[in-house]
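Look for chain A in each of the two complexes below; its partner is chain B in the first and chain C in the second.
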Partner chain A sequence: MPNKVFFNFLFLLIFRHRSKHIAIFIISTLVVILFSSVMLLSHAIEQDAQASLSAQPDFIIQKMHAGRAVETPVEWLDELSEIEGVSSALPRVYGSYFYTPNAEYFTLVGIDLFDRQISESLERLVKDLDVKDFLAQPSMIIGSGVKTHLDKFYYKEHYTFRTPAREKREVSIYDSLLSETNIVSSDMILMEESLARDILGVDEELSTDLVLYVPNELEHDNVKEKIILLFNNIRVIEKEELSTAYAQMFNYKGGLFLLLYMVVLMTFILILYQRYSMISSSDKKEIGILRALGWSVNMVIRLKIMESLIVGLSAFVLGILLAYGYVFYLDAPLLSEIFLGNANLSNKITFNHSVDFGLLTLLFLFFMAPYISAVLIPVWRIAITDPLEAMK
Partner chain B sequence: MILLSNEVIIFLFVESLLLLLLSIAFINTLSIYSKWDFNASTSLQYRLEKRAYLVVLIIVVSLGFKILLLPYFSFMIDQLSAMVPGAMCGAGVLSSNEYGSTLLSLKVVTLFLTGAWLILNSEDIKAPAYPYFKIKLLLFIMIYLLVVFESALDILYLINIPTGAPVACCSSIYGAITGGSPLPFNLDITRILILFYLFYLLSVVSSLARYSFLNTVANLLFLYIAYFAVVYFFGTYIYELPTHQCPFCMLQAEYYYVGYVIWGTLFLGSFFGISAFILKLIIKRELSYMYRLSLVFNTLFVSLVSVYVLVFYLKNGVLL
Partner chain C sequence: MIKIEHLNKIFNENRSNAYVALKDINLHIKPAQTVVIKGVSGSGKSTLLSIIATLIKPSSGSLMVDEQMIAKLPDTHASHFRNVHIGFIFQAFNLFDELSVKDNVAMPLIVSENRQERIDKKVLEAMELANITHKKDQSVHNLSGGEKQRCAIARALVHNPHIILCDEPTANLDRENSLKFIEILKSFKALGKTVVIATHDPLFDNLESVDRTILIEDGKIR
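Then we have the complex of A and B:
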């Protein structure tokens, strides 16, 4: 094992040749920052998406007509809730509302405040929610993206919606949602169910879709089969399918990036190889002196490998730290738009800190494996320099 | 779609990089092996000796990465279980086509030989006249051929993972649903456990007494029985569910990745135990630290799995 003196010498050597290492160090750091911030970001978004999915119902059932989803009759619930294993079956009412001043779509969601599950989860999202106060007059809770847009046109207290029957409904703004939930709630407006029905024009006996909760995961396949046998023309969406779809989507975006980035990495390897292959006469002299002092070739190899390992590792660590700061403290400006898109309301998101060991290993392998491979041959070439020839 | 999974891309990228490096070393090895004569003082021998440094350097580095890649491989197939319908953990993904289990066993064997090579190399460098140089190169040629075969299997396995059709999950592979005893030689759990602790004792005694052959046999038997003991007995205490029998689920975050420690210590313990004998045959000398390490890792492994049972018993007052 190399001892203290060895490391002392090693660091002195790196410090002495700092001008040679600094370029490699800077490029390496940049390379690491770029790909690790993309990977950290995609990982963070996926985690957020999966976390919000875990609170979702296990099945979503939509009525299909000519290949399009249409409003689903609420009376189906009677039959659905009789399937064994289903703990609760509920109708949902939601839809898009076109906000004329800015030509944007808001997502209107009707909620049943008398459902304990819903009111409990709502209390976690909104501070000091007073249900009685909320229901006293038509009111809504809005996402932060919606709030920005309404504020722009001075709708501070209330906003007047138009129903499909061209009636006006004035709805007061009760509160806005916390920005931690932004990834799903930025463009969302929550309001009482019957109010949402009015504004979206959904009849009492219809709903946008139906949801089922099936707590036992082992029952899911059976339940799905029974649902399909019950009705014609329906689409059944299972939670696991959504989760798989999310995973595939993020893998696809990240994977495409990684494939393209491999080209960058290859170029980087070549540069590294070239840089370390250039052996200056002073380098040669140094190795010659070491060999003359009795160092073996193996020791010189170890010294040189350690030298580039330290440069590479410190660049890797610094790069990861900077990328971490960029994604989680600065909220990844510019880059986040690639992943989120802003087809709907522009989304201002704070990401929840999420890094796992698997991701770090992935980044480590992706950078360090090519880095080390690139320096092997140049290091060997330096180490076998003939001492006599080197000192001439 | 599987090939666009981030873990798979990184895995194949690093694998092919290592294959490239090892191929460079392999080509050099062939010429060194045929012309090597340590006692000659020709310029050819001098050049070969210089090239030998490169070969050894490349092998050490890439085999080091290979060691890292095996746990990464299991991590990768565990991650893929999110994308393969029906799979709840790595077991389903691994058995989703005919290449999976062969590939995993091949990887373990390669890792085993790799470890032996690295130890042989360190002994070789310490000795003045490179006494094991030719054996070392032969062993490397063997490892290289295995690695080439392994890389081909890697690709075959990964492109044949189905993403449309559902695969079996671990409870159907490991027999909790299908019924029938999955244990070898008609053993039942009690006998497996007796054998488990007996073989452990045998390996302890034989390594303390430095009976290298007995130690190898004991470790081989221990490895075999320990696999079944963990999957069919100790695993159920890790999952705290009597019907959950799976060697892969314990690699997941829900169980604090304890599977990596369990399988890692078992592998290391048996590796040092078994290779102590093989290396003794080659270098004609006892490597006492091998016995020590084997003892340490086996003990770690046995106490870790036993603690799970003990804690469960103390908490609940019953056994599963």
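Then we have the complex of A and C:
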């Protein structure tokens, strides 16, 4: 059936009913923006979190005192490294550092660059890392959020930290972390371990926590049991737990938005149904003429559905494009703060562009299926209008 | 041949507001005949036209066109029948004002023709028959009443139907254009079309081109 005259007529219909379509187009676009922003953002966060977590150790061990984590003795490493399956056990030194110019907290992390695993992990996070060059002078690698804050006060080459004893430590800025690791690393500063101890005031025999690398995943449960048996008052965090915690946090927030979306979608369907149910005399006349000229009810329904589909699809495409721009070019202001509210820094996070077809299909189905159902019934009611009455 | 036997039409049947529009109509119209159905407003003549056009179904009785029972055809078949056999000319023209003349004329072909060249050819032929070719690209809302009528005639002829139904065709025309329409009626006859006109316009009285005049009163043929 579709030919040039049909499409001329179809676009004429859309133009004739423009006030109805414009209202529906605007509401539809807003609904798509809301839903797709949440979906795109949560997908981007998941990708980002996975990229960051891949460099994490398999176990983190913290000493607990009165229910809170305290500094962990480095001497525990001797016993931990003897556990079967542990390829390496290392102390970690990190903590929050208050950045006075902007009244923000940075996460300062000490690293042992002579450790092969750490230097390998770091190579994944920093492009063209030259360890010798890095260690030649007190240096640091900074996350993108830290870089933004330092740049603001023209700390382009170096920054002077203060130790708890108020002594100055000038540290040069070596490089910044790759943007794939934005979520975890935006507020992070990586520096040589002894320098971090100095700035954070952590003694040589203590560490913030201890980390273990256990390459065989099947051994993880055994190793965890053995760690717990070795010491009292400890907390053992597995890499999978971190990953699950991240996923749960974002899924939980995504779920809340999904719930909100469902409410919005229901309202939208009601509006849509109500708008399309209003059959004007010109609508009736239009259908009456078509029926008199030999159009069947099915053809009229097809025409009306195509009319609604063009409006719905345009709104869907525009909504997706705007949501894409909002998430990946504007970095999802407001929404990203709701999703990532736990960071020390009010991070300026740049999400890496990532959309998969599965996600787009899901977005399409979540929008178009209710849209078409809401349109179908009123359209059918119009199509079966008595043509004789309609044309009077 | 249109053959109507014992046809009745009751609107809102089995309800308190039931209304009998046609009562026991019996009518035979031979091919290429021009028949005028006369009657006052509300007498049932438009209802009879709509039943012949399969736009509405009779409550009882039979309606045959060319030996085909069409009274109770399902919607898809009735629409197809209408699209192939019936050309309709309405009192208010019922054109799409925003479309051009040629697009309006092409409307019945949307459902039956796939090839644009064939559509263009048929539209041109119909516009020539109705003498409206010179206005083919103009929007209908820029046309005079007479031109709109000719556009509606071209649309009724474009799919080459053998039955033309006219519902009060001159009600919205001045005398000059009404006389032109009567002239066009002669060309319908020359083309071998069966024409049924529902009207109460006295201009159609005693016309040479009209084969039969039927009077309908309160839903009954007198």
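Rule of thumb we're sticking to: the second predicted complex is superposed on the first by the 300 of 392 C-alpha atoms of A that agree within 3 Å, B and C clash if a C-alpha of one lies under 4 Å from a C-alpha of the other, contacts with A are read in each partner's own complex, and residues count from 1 in each chain.
Basically, contacts are C-beta pairs under 8 Å (C-beta built on N, C-alpha and C of every residue); 3 or more make two chains touch, one makes a residue touch a chain.
The structure displayed is predicted, hence computed values, not measured ones.
*Asks:* Output check: A:298 vs chain B and chain C. Expected answer is one of first, second, both, neither. What do you get?
*Replies:* In the superposition, A:298 contacts both chain B and chain C.
*Asks:* Applying the touch criterion given at the start, work out whether A:228 contacts chain B, chain C, both or neither, answering first, second, both or neither.
*Replies:* Neither: A:228 stays clear of chain B and chain C.
*Asks:* So in the superposed three-chain picture, is A:244 touching just chain B, just chain C, both, or none of them (first/second/both/neither)?
*Replies:* first
*Asks:* Just checking: does A:51 make contact with chain B only, chain C only, both, or neither of them? Give me first, second, both or neither.
*Replies:* Once the two structures are laid over each other on A, A:51 reaches no partner at all.
*Asks:* May I ask you to decide whether A:135 touches chain B, chain C, both, or neither, giving the answer as first, second, both or neither?
*Replies:* neither
*Asks:* Between chain B and chain C, whom does A:22 touch in the aligned arrangement: first, second, both, or neither?
*Replies:* In the superposed model, A:22 contacts neither chain B nor chain C.
*Asks:* For A:70 in the superposed arrangement: first (chain B), second (chain C), both or neither?
*Replies:* In the superposed model, A:70 contacts neither chain B nor chain C.
*Asks:* In the superposed arrangement, what residues of chain A touch both chain B and chain C?
*Replies:* The answer is residues 297-298 of chain A.
*Asks:* Which bits of chain A are touching chain C when the two form their complex?
*Replies:* 1, 3-6, 8-9, 12, 15-16, 285-286, 288-299, 386-388, 391
*Asks:* Quick check: in the complex, which residue numbers of chain C touch chain A?
*Replies:* Residues 46-47, 50, 53, 55-56, 75-76, 78-80, 82-84, 86, 88, 90, 92, 94-96, 98-99, 103, 106-116, 119, 155, 159 of chain C touch chain A in their complex.
*Asks:* Which of the residues in chain A come into contact with chain B in the complex?
*Replies:* 39, 243-244, 247-248, 251-252, 254-256, 258-259, 262, 297-298, 301, 305, 356-358, 361-362, 365-366, 369-370, 372-373, 376-377, 379-380, 383-384
*Asks:* Mind listing the chain B positions that touch chain A in their complex?
*Replies:* Of all residues in chain B, those touching chain A are 1, 3-7, 9-10, 13-14, 17-18, 20-21, 50, 53-54, 57-58, 61-62, 65, 68-69, 72, 75, 79, 82-83, 85, 125, 253, 257.
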